[in-house]
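Two complexes come next, and they have one chain in common, chain A, joined by chain B in the first and chain C in the second.
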Partner chain A sequence: MKRLIANSETKDKLGARTKVAVAGAAALSVALLSGMGSAGAADIKIGVLYPISGGGAIYGGPAMRGHDLAVEEINATGGVLGSKFVTVARDSKINPAAAAAAAKELITKEGVNVILGGLASSVGLAISEVARREEVIYIATIPKTIKLTTSKLHPYVFRTASNTDFEGDAMAQIVKKVNGKKLCDIQLDYAYGHDLGDGIAKALPKHAPGANIVMKLRPKLGATDFNAYITQIMGAGCETVVSGLWGNHFVNFAKQAAPFGFFKDHVYITGGEIASHEVASKLAGDYPDNVWSNTYELWYHSPTGAHKKFQARLAKKAGTNATAMWPVLAYNGVMLYKAAVEKAGSTDAAKVIKAMEGLTIDTPMGSLTVDAKSHQTNTGQFWGPMKKQSGEAYRRMEPVTFVPPPSK
Partner chain B sequence: MQTGYKTTFWISCAIVLLLLLVPTLGSKYLIDLTTEILIYALFALSLNVLIGYSGNISFGHAAYFAIGGYSCAILLTTYELPLIISMPAAIILSGLAAAFVGYFCVKLTDIYFAMLTLAFGMLVWAVAFKWRAVTGGDDGFVGVNVPAFIDNRYGFFYFTLFVVTVSAALLWLICHSAFGRTLVAVRENRVRAGFVGVNTTRLRHTAFVVAGTFAGIAGSLFAMYNRGVYVESAFWTESGQVLIMALLGGLYSFFGPALGAAVLYTLQVGINQYTEYWPVVLGIILLIILMFLPDGIIGLAQKLRSQFSRKA
Partner chain C sequence: MLAIGVEAMSMLSNPTFLFYQFMNSISLGMNLFIIATGLTLILGVLRVINFAHGAFFMFGAYVCWSTVTFLGGAVGSFWLGVVAAAVVLGAMAFVIERGLLRYLYGREHLTQLLFTFAIVLIVGDVAKMIWGTDQYNVPYPHGLGGAVDFGFAKYPSYPLLLCVIGLVVAVGMWLALSKTRWGRIIRAATQDREMLAALGMNVPLVYTGVFVIGSALAGIGGALAAPRVAVSPGMDATIIIECFIIVIIGGLGSLWGSFLGALALGFVTMFGTVIFPDWELVLAYILMLGLLLWRPWGLFGHEEEEPH
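Right, the complex of A and B next:
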């Protein structure tokens, strides 16, 4: 071959290209073969799906920290039924098709005993469908769409997150508290936004029968320009706004609405965990007045001694005292599975399902009970107004009120 | 039958026979992976009719994949129609949609054609996203009913293998017919082909419909395999992915795109197990193709073979 290559410049180029291509393929093969995880035969494998790349990584990253904390704690105390928990994590990417493929791979190749995680509602539903088909338990730790535990419920799906009906009910209670009459409803145009809008509409007659939604707006998921919506709300004459704009959607909305004096004229009641450290730290001094919102956890508010200890461990792991909210959700999911396996005395899915139905566990946020029929835990949230603190730009919830899920 | 065709036929038969043995290996994962690869291989083969044979680059091919998927899912689940009606109806709908879109697209050429396919593709995505009552919107259409005989891993694998084999055979016949040959002539020199009496616009339109129809078959299989269809299936990134599959395998070879689909999908699944940086790897793969493998893996194999045969 060497002689042939030397004979012609064209062939020389061809040979060089070929070599590079073959070298590239070899490098990829090596990359594929390297880094293979290992787990002992007796280990209990936990499949985890959070978005750890792209736009969802700001939520998935902290969630993984909470998950790892739980697994470390369990293994440090000898594991469960004499077996260690081993995490097999995959990137769900906020893409249901990718998450479904990854869930299938976790089950059929890695042989995981359970799947935890999900973030977007669509991803939660996709993973749940795989769990149903493969007959493996899925614990949804973050997705909130009500369908997961109602119209799409099956024996293998459980949820430790709150849901859009719980969130809507709490928001209706706050509407009553602030004596809201004319409401504008602004939600993102996707599963979570639609379901939260429905949840609020369902709860208003119960808690605030005098309140009416006079305008519904649905900006698209990922929207960054809210000026058209802001002026529409200001022209509609509503004194209260109910919303579910989360994360950067709210950050952009708040920054664009503030110059109009929007937050002086409106009480803004919002789901989407806008009271979380993630949003409060991002907006800091730009966080507007008159905002009532929710969060699962607050690093500066410990309702239980267990939370204090949990937060201290988390702060050590994260390297900061002001910790994110998402870890506790992932942490609770692992702890629920651990308790169910211990109660069942086995990792057999049918036995664990039976053990999980009606099970109560202690978490950093208090006790959680799994409803035997709906497979939904009674996860409440902290709600309250976000107040300025003297000497710091960072707003804190004050007073902090725990709103439990509505009674049936 | 020409000698080259005979060889292709026997190699294809051998591959199908080997694939038939996959379930006997006892790995559920391997069965799933092979099923997914078969679906994407058909998707990539369908695109190659448009790109490899007629020389029209489409950035909206995922639209027909999604239309096939959504139609099949909705007919099977919402209307509870049997598979024998749902799947053919979904394929016909994909073909009709391609006929409609293609009518406008083939009036343009080159980058304008590509941009119009992208625009129509995103239109389909927007409809799937907004028509929540029918498609499930962002939730996706989850929980597709499938008949009992394919409601298990093994049944679905053999069903997919059968459908993909028949579809690939049909595509091969189409591409190697007088129609396919004329398409290549149009690809090589549209003006000259027009001068010798070929109705290039009609020919390109037919290629568009053929490509859309077979993408619809792949989409139907995808919906049934996943028991769900999602809006992401219609997004432009999906069109981009299948384009890279075709490029990787080799555009000017019939089976190249299928090989590209197998390699790219296996790499994607494999790499995702070890790192979240798949997009970086995808970028590197694309760079390697464009810089060093313009004719894809098949082109590389042909070059290597030619080098070795010269040496011998």
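Right, the complex of A and C next:
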């Protein structure tokens, strides 16, 4: 309803003085574009890749907001080494081939100094491969597949997101906490799902040696009908489900499973940031019971003063106090690159890589350190059960527990 | 990986599980049928492969969400949303057919294909302009969020209702097509439109009517799917392929063909994912290929005669 009203207002505004406005906007955008094109040698060009069309736009949109916020803040305080950050954004979709082509174009045609972003793990691996070949730094802000910083690691890739091993370890700790014995494991059939499944299986003997995975299910990425999987889990007789169905996959799964009484009979432990505002606000009263999940950030929980300030700026930009989780990931990626360039005193890739290895920066979520060997930051997440609140349909994590990465 | 399949095989001897899967197959099939029947109707009469059918499906889901939200989720608002989806999609189809599509009937198939593909992109972008890239949740209609107890097992009420609605649509369409004057005219149009025109029938009106009804069915299908899936951009990604598979299996333009095709796809999808989890993606295509080899014109289709 809000959206409808907002749109009719926009339409009214458009109705008046349309011609003048359109002409003005066209002239302005031409000016802006030409300004960007000739982007003086002094500017630092940031190539950024998030899905901004199709199904992934739900996450790419908020991520871009965080990215823009970071760039605005940096430029408002004089930029880096006297240069301004200029964003060149492309659509990564949820499609590795499209993302790789876009990354290549950003590097060869636009001549960007760095590439940030990615969302799906498969997309992250594809961008990373381009970065390796073209010898340009890529900071993965959202993709979590462990392979990015292990078997597919190369000097040019860094990650500010968490990873599937961290996530699997935290989930195994929760299995222990809820005393899970017979587990069903349901993951999406692509890089992220497979690697999270492995991450959980690796961590279970350490944290919950009494727990056994009795069934593994792998629905495809983008699946909308989960009924065949729901009934299989019900037939397998497990009392605990571990999962990494993210975003709409979880929404669809939950909506289809709830009428069976599924969430009364199962404890559902899931990665994929199902505790984020994005999912909690969309499901609202339909959010199921007995769900334990994770999130990078919560608008209603400030662990640091820096987060309080960041969240206030974000709320202003988004026009609502209840802000999304994805912006902080994109924001931290930009800030890491900025700090590395400042430390290196140059945008030369080799020098920035050297500066980034072992670098520690302050973020709204606390301090972040890049491991010099694995190029992985020590990014932790909030984990906890999602509790019904009195007087509102919106579920909140309660209690909120910060789970740092497992010690080696 | 093979072990998963074997494990699932042992499950197939569990009667409750079989019952669930049986019901899942039928409810998926019926939801698909409602959408595919519109596509097959348009294909049969207009001879246009309407790629935009999936986009219409998505648009219908959005219209349903807006209606439910506008009415504050009041009792009955969901059903009004279904009606609204049919009306809005019908109106859109009227404008598209009268304003654009009708100028392309004489052209080659490729032009029509490109045209309907352009409509996919336009409808997708219009949806994005109106509803943004957010995902929306349509709650189950009042009283249908629970399950029906069959004594030996419970099955969710809403998908059960979908089975009934699918059957009602099938029988209703069949009655309309076989027992009414307009139904006879539509069937005649699938056989020989020149003769129909020569007999003094207003063929363009028949075309408009069929395109409107077919598209309204896509909208209804989208609205009916809305409570079970997140309403969001990209929700139309796979539906058009599934509909084409159904139409090809059933035979172009055949109502009962698409009914059986939809059920077949429902069963293959549901049992295939359990028995051959690694083959999930290709099973539907194997079904289609096998049928094409056996009967290239589909279950209920007719061998194309050379145009005279």
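Convention: the second predicted complex is superposed on the first by the 370 of 408 C-alpha atoms of A that agree within 3 Å, B and C clash if a C-alpha of one lies under 4 Å from a C-alpha of the other, contacts with A are read in each partner's own complex, and residues count from 1 in each chain.
Heads up, the rule we're going with is that a residue touches a chain if its C-beta (ideal position, glycine included) is under 8 Å from a C-beta of that chain, and two chains touch if they have at least 3 such contacts.
Every value quoted in this text rests on a predicted model; they were computed, and no experiment measured them.
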Message = Taking the superposition on A as described, I'd like to know which of chain B and chain C A:L314 touches: first, second, both or neither.
response = neither
Query = Where does A:T224 make contact in the superposed view: on chain B (first), on chain C (second), on both, or on neither?
reply = second
Inquiry  = Which partner chains sit in contact with A:G61 here, chain B, chain C, both or neither? Use first/second/both/neither.
reply    = second
Ask   = First (chain B), second (chain C), both or neither: which does A:K109 touch?
value = first
Ask   = In the superposed arrangement, which partner chain does A:K147 touch: chain B (first), chain C (second), both, or neither?
value = first
Inquiry  = Going by the contact rule set out at the top, does A:Y190 touch chain B (first), chain C (second), both, or neither?
reply    = first
Inquiry  = Between chain B and chain C, whom does A:S53 touch in the aligned arrangement: first, second, both, or neither?
reply    = both
Ask   = Just chain B (first), just chain C (second), both, or neither: which does A:D91 touch?
value = first
Query = Which chain A residues contact chain B in one complex and chain C in the other?
reply = 1, 4, 52-53
Task = In the complex, go through chain B and note every residue touching chain A.
result = 27-29, 32, 36, 130, 132, 137-140, 142-143, 226-228, 230, 232-233, 267, 269-279, 281, 284-285, 288, 291-293, 300, 303-304, 307, 310-311
Request  = Write out the stretch or stretches of chain A touching chain C in their complex.
outcome  = 1, 3-4, 7, 52-58, 60-61, 215-220, 222, 224-225, 227-229, 231-232, 234-236, 247-248, 251-252, 255-256, 258-261, 282-286
Request  = Could you pull out which chain C residues touch chain A in their complex?
outcome  = 4, 7-8, 11, 14, 16-17, 20-21, 24, 27-28, 66, 69-70, 72, 128-137, 139-140, 145-147, 154-159, 227-230, 232-235, 237-238, 269-271, 273-274, 277, 280-281
Task = Can you check the complex and tell me which residues of chain A touch chain B?
result = 1, 4, 11, 14-15, 17-18, 20-21, 24, 28, 31-32, 34-36, 52-53, 90-91, 95-98, 100-102, 104-105, 108-109, 120-122, 125-126, 128-129, 133, 145, 147, 152, 189-191, 194, 221
